[in-house]
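Just so it is clear, A, B, C and D label the chains in written order, and each chain counts residues from 1 on its own.
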Amino acid sequence: MRKKQIVAMLLAGGQGSRLGILTSNMAKPAVPFGGKYRIIDFPLSNCVNSDIDTVGVLTQYEPLELNAYIGNGQHWDLDRNNGGVYVLPPYVKGKGGQWYSGTSNAIFQNQMFVDQFSPKYVLILSGDHIYKMDYGRMLRHHIKNNAGCTIAVLEVPLEEAHRFGIMNCNDEQRIISFEEKPKEPKSSLASMGVYIFNWPLLKKYMQADEEDPASENDFGKNIIPSMLINGEKLYAYPFSGYWKDVGTIRSLWSANMDLLEDPPLLDLYDPTWHIYSRNPVLPPHYIASGAKVEQSLVTEGCEVYGSVYHSVLFAGAVVEEGAQVSDSVIMPGAHIQKGAKVNKAIIDERAIIGRNAVVGDDLNEGVKVDNSLTDDITLVGSDMSIPEFASLPKGMVATRETLGYLYMKGADVRD
Amino acid sequence: MINNAFGIIYTGDNSLRLKDLTYSRSVAAVPFGGRYRCIDFMMSCMVNSGLTNIGVITQKNYHSLMDHLGSGKEWDLHRKRDGLFMLPPFVTRDNVGLYRGTVEALKSVSGYIRRSAQRYAILAGSYTIFNTTFCDMLEQHVQTGADITIMYNEEQHFEPEDQYEDLRLMLDERGRITDMEYNPYRPGSPYKSCDVILMEKTLLEYLVEEASAHGQYQFSQDVLMRNVAKLKIYGYHYTGYVARLNSPNSYFAANMALLDKDVREELFSREHPVYTKVKDEVPARYGPSSVAHNSIVADGCIIDGEIENCVLFRGVYVAQGAKLKNCIAMQGAQIQKNCDLSYVVLDKSVIVKRGRSLSGYKSFPVLLKKGSIV
Amino acid sequence: MRKKQIVAMLLAGGQGSRLGILTSNMAKPAVPFGGKYRIIDFPLSNCVNSDIDTVGVLTQYEPLELNAYIGNGQHWDLDRNNGGVYVLPPYVKGKGGQWYSGTSNAIFQNQMFVDQFSPKYVLILSGDHIYKMDYGRMLRHHIKNNAGCTIAVLEVPLEEAHRFGIMNCNDEQRIISFEEKPKEPKSSLASMGVYIFNWPLLKKYMQADEEDPASENDFGKNIIPSMLINGEKLYAYPFSGYWKDVGTIRSLWSANMDLLEDPPLLDLYDPTWHIYSRNPVLPPHYIASGAKVEQSLVTEGCEVYGSVYHSVLFAGAVVEEGAQVSDSVIMPGAHIQKGAKVNKAIIDERAIIGRNAVVGDDLNEGVKVDNSLTDDITLVGSDMSIPEFASLPKGMVATRETLGYLYMKGADVRD
Amino acid sequence: MINNAFGIIYTGDNSLRLKDLTYSRSVAAVPFGGRYRCIDFMMSCMVNSGLTNIGVITQKNYHSLMDHLGSGKEWDLHRKRDGLFMLPPFVTRDNVGLYRGTVEALKSVSGYIRRSAQRYAILAGSYTIFNTTFCDMLEQHVQTGADITIMYNEEQHFEPEDQYEDLRLMLDERGRITDMEYNPYRPGSPYKSCDVILMEKTLLEYLVEEASAHGQYQFSQDVLMRNVAKLKIYGYHYTGYVARLNSPNSYFAANMALLDKDVREELFSREHPVYTKVKDEVPARYGPSSVAHNSIVADGCIIDGEIENCVLFRGVYVAQGAKLKNCIAMQGAQIQKNCDLSYVVLDKSVIVKRGRSLSGYKSFPVLLKKGSIV
């Protein structure tokens, strides 16, 4: 293996329970986003565009989906002769093997992978953020500061700061203190979960951390604080563009809607910063004579005979005559049949909304909806088939089980 | 799936027929259907039939084609063993690189043919567009014991000005070809060759040697027609949709035909995907006041104005207030504010400036040359 | 994923202890063979040449080496858009994950991988055999017989039959009985460890086998016998070309020597049956003025100033002036210094044989050599440095430890 | 490593100089050193310097070159973002595809230059062979504040018949170029350009526009020499081994020079590997009675006879009893039993039949054309 200056390790994480049924069959990074992308396309494309060509993707979940999506990496230009992209599940070794116990443990378990390339630096990324960032600039910042670790930070509203890792910095952007999800945040500089470490230094701290049985083996909770205690040089790297954690239904929906702003909050048209993805092999989309399409994204394989307002249609989605879709995200292959209405909803892959059904309807009396995950966004699971004339109330998560509940309520399902 | 045949696609030089569309590219490289080039259809038919060894015979102006096909990745033909072979003319100090006919072209790639390990050869042109596999055709070929099988379809309609490489077949009741006519003044048969010819590789090698030894260069006239009595030549009746890009009119009509659902379903069958070069474009974006009717739109487009009966290729920009009706706009075309276009074909990267109006007729669409600024 | 007719699963196995120190740092399939190949190149090339483009490589050992060697599969033409080659280590799932308990368990644990391609057939291969075989012909044989399983068989000398799985067949090559390593073999038809199964049928038997706690989850010991008991149609597919199990030092050495026969026992020149491998990026080899090279294979990056008789030199091997190499296998990057003599030996990667040292010397009195693994072949481990004037007796395995023993014997090490 | 430069390799058409070696290929595609083509060295220098965006300007006969470079896989240049760009001449119905000079060639690829995102451009030819990286050169360029830096080496020896694109540099004590001579009758300086020129992309664009607006097409004479006073042009002294393939003699000598250990170590440095197309050949095989001395042998060869002072490319067969002395045999050459060859260059796939003797001189090696049977 030829030496690499920097290797990226992408924490693709687990099932992402906050995304509910969207991740019941796939890892979070594989969730579709923005009409033709998957979440993981963003960090992978950022790597390639930042001239980082060696990426390990750490997945807790069964590696097959990600392996199948990523393949040999050619879609992201990561089919390199030396380097490239590798999916790294926790594998069995010695006496049995173990799950990744925390973010830093995942890297620790894959030390040998990184060592193959003897890099000076390692870049740690998360798999559930939508943003465009030049890690190369961050690396130059890191080198210039002669830092042991550099953390990308973002200004967040102070009232939301408690959800993040919050930093206090001095005037030279050197980090003085770091608190993971503090109750009383002292600043509004939040960690984006993007770290550059000097690899030998990180190895030292990971080793020590592994030997501490009380540790959760987490970068934010353990590694960073112990580096600070030991007086290592940690710097913040301020980032100011679009960045969104799409770990919840609400944020996933609103990140999709952000693309419909004029101009879009996230510019996907930059020719120097392509977002790559595995392209479906489908013809251009078709808009029929009677159709209306306004303020929407529509992609290959779609067919629109009805009306689409302020929505994102993924590859192969079909909106039949008289159907109305608004403020919604229609995932790949979903089918909205004649006369159906879909309002402020996420319709997952290959789901079928039957004729004249209403998704995102007002709440009928006597029906209780658990909208703890969804707010007022309605979610229809993948491969679900919503019957004709059904009415799914706002905030509902439609799965086989919840739909059964509605059925039992009888008249509430059909108008 | 066929595993004992290889394909040869001839990207001949009928460039004059398509006028400015083929000024710097061969017909095979002409954009078609919103995101494709003509050759994508034949390539995809072959790949979907199971072929993994495809040679593309090019003439001198093969740069766009090479650029488009690349290493064959999109067709899964970037292989060490077999795969995609670009077969440009053998250009030396003494040879400018143009063939006198298909036979000469085949002769010049006899090394490729010899090295191909498969038993059958499928010879195809690149100006005919359809979507199928050749599995049934090969089965019929074996069953009938034919020496040569030619794919044909039935076409009652005849436009003399579209006539190009028009090979008409007369068939007996068992499907054997009894006679052929080449570019007949009044066609004696509605059965038109689809420019796909199947035979054993050894027979192909023999026929090419034989013809070129006699100084004969035209495959249809010199090889097929001369041997109609000597060899068992059968027709294979293809009943699906076929388009032929013979003239600017037929090019325009074939694109517009895609607005018909049946045609779309035939050409873009889910079973037989049509592969093409991937561009990583953004999904098409419709503005708040956009109006779109009966149109095909590729990724990367931004539609702020109105389109009706249009085929828009990747990355076309239709500004607010602009109206496009019955137009074809190729990759990267820009239609600025308040333009009004009707029956116009915009080649790649054409820019139509603010407020211009242009209008052709159905039978005479206006053609704006690649890169022109109007 | 597009459907595949057949998927190959290659059992790359574990450390291969019979190969001793050759596999102390790498899995058996990665052992160099034949001047520029590794053992795994043969089954992988057979797959590609048989038009099988989807291969799972099951490794018990740490997957990094194989991952690094195989990369994105481009060297074997296995960087396919749909399919290709994947290294599949046992990964952690549910409560902890487990090693592959046997050959069939390895496939069982990777059912999901195979199911992605919904194949009709699955081809099971071993990673430690050198041979060229058209699996396509075997598949046609399998289909024609309408078999549930087809096993490739080879005629072996009756006295060696006890080392193999031995079959009895009727006149139509249908298998009547199967015995794994029988003490008293009833026939000389040996299993080559190459199986084609109908995938749904195999899944059924694997499931049943997993539920049997007494089973070793092995194809030869459990799956095949239970299929026979249940009256499934099992057929033998006779193979007659060159085939060698290179699982021992002796057989690895002699398989290398087989290439030096005239004509070679295994034809590597067949243009329709290329053996692909990861090519080193090295210049052509150089033969100096005073050199002698006879009946040998020499490859890129070698430099020969001395004499080489009846030997195989791997990429980057150097034989200095006055050095003599005969009947030996010199692995990549090994260096034979001036005046050294190497006779009937395997010199592993990057080992250095010091000036005037003798490898494969006659046994001196008072020295005991454990040649249980090696017979009379001398083995020098990778990265070893054999001192000047040392004498390594026949059959010795030279590692840091055994060399220490010789040192303690004092005069025996130096002439 | 350089991450802010792109490379342009000009595979110009000095084909007449190398006679039959370049009948159907450009100099860049001429086989060299047992398993390489000339261009491999420049490509590898660039890739080893860290460049990931390389354009190769071709002339009409670029088939062998395209075949060799393919998608750039071997150089890790098969990329969607940057990578290898083949830049053939824009062949249309009206243009046969030959440039009048480097300036015209550069002008024709101005689109590629404009799209390249890197700050610096490294312009290189393809007939000069060495192995280095351009990192130090770029550093010097930045440090001296030069507008243009030209790589040169010192060469005392001068053969008028090898003179081709011979640009001599006169330097002041700080390395700035004060004067240049192009193909001088009697060179006034031992400092010879290595045909590697570094400058900012914007300057390159300006100079090309400027020269072509004045109908000037020669880069050395019209761009460099004219601007020697106006621009700060510096020399970068390369002290390593340099070979120039200007004539059949220099081609022969440069191959033979590889038998020298020092030259080999310079050109095939382990630090800077030379990449080339992979052929999956078998290791070379020496028969029981073979004799080999002072020779370079590639994989796939079978040596049953005698070789001395030879460079054998991949897949050469030397039969029993055959003797080769001071010969270069390219890929797939076959020397049958009892032949006796001395000072012969065998191009690809040449067959020398049983018992033939051929002999040239050191200063006049016999050249057997590709595919010939003797």
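Here, contacts are C-beta pairs under 8 Å (C-beta built on N, C-alpha and C of every residue); 3 or more make two chains touch, one makes a residue touch a chain.
Remember, it's a predicted structure, so these values are computed and weren't measured experimentally.
Participant: Please indicate which chain is farthest from subunit B, where distance is taken between mean Cα coordinates of the chains.
Facilitator: Taking each chain's C-alpha mean as its centre, the farthest from subunit B is C.
Participant: Of the pairs A-D and A-B, which shows more C-beta pairs in contact?
Facilitator: A-B
Participant: How big is the gap, in whole Å, between where the Cα atoms of subunit A centre and where those of subunit D centre?
Facilitator: Centre-to-centre distance between subunit A and subunit D: 48 Å.
Participant: Where the CA atoms of subunit A average out and where those of subunit C average out, how many Å apart are those spots?
Facilitator: Result: the chain centres lie 43 Å from each other.
Participant: How big is the gap, in whole Å, between where the Cα atoms of subunit A centre and where those of subunit B centre?
Facilitator: Averaging C-alpha atoms per chain gives centres 41 Å apart.
Participant: Quick check on subunit D: which residues sit in contact with 2+ other chains?
Facilitator: Correct list: 73, 78, 80, 280.
Participant: Where in subunit A do residues touch two or more of the other chains?
Facilitator: Correct list: 74, 79-81, 274, 276.
Participant: Which stretch or stretches of subunit D touch subunit A in the complex?
Facilitator: 1, 3, 52, 73-74, 76, 78-81, 117
Participant: Can you tell me which positions in subunit A touch subunit D when the two form their complex?
Facilitator: Per the stated touch rule, the residues are 5, 48-49, 51, 77, 79-82, 272, 274, 276.
Participant: Under the touch definition given earlier, write down the residues of subunit B that touch subunit D in their complex.
Facilitator: 15, 23-24, 60-61, 63, 66, 70-71, 73, 78, 80, 86, 88, 90-93, 96-97, 280
Participant: Okay, in this complex, where on subunit C does subunit D touch?
Facilitator: Those residues of subunit C that touch subunit D are 34-36, 74-75, 262, 264, 268-269, 274-277, 279, 281-300, 308, 312-313.
Participant: Subunit A touches which residues of subunit B in the complex?
Facilitator: Within the complex, subunit B touches subunit A at residues 33-35, 73, 259, 264, 267-268, 273-275, 278, 280, 282-299, 311-313.
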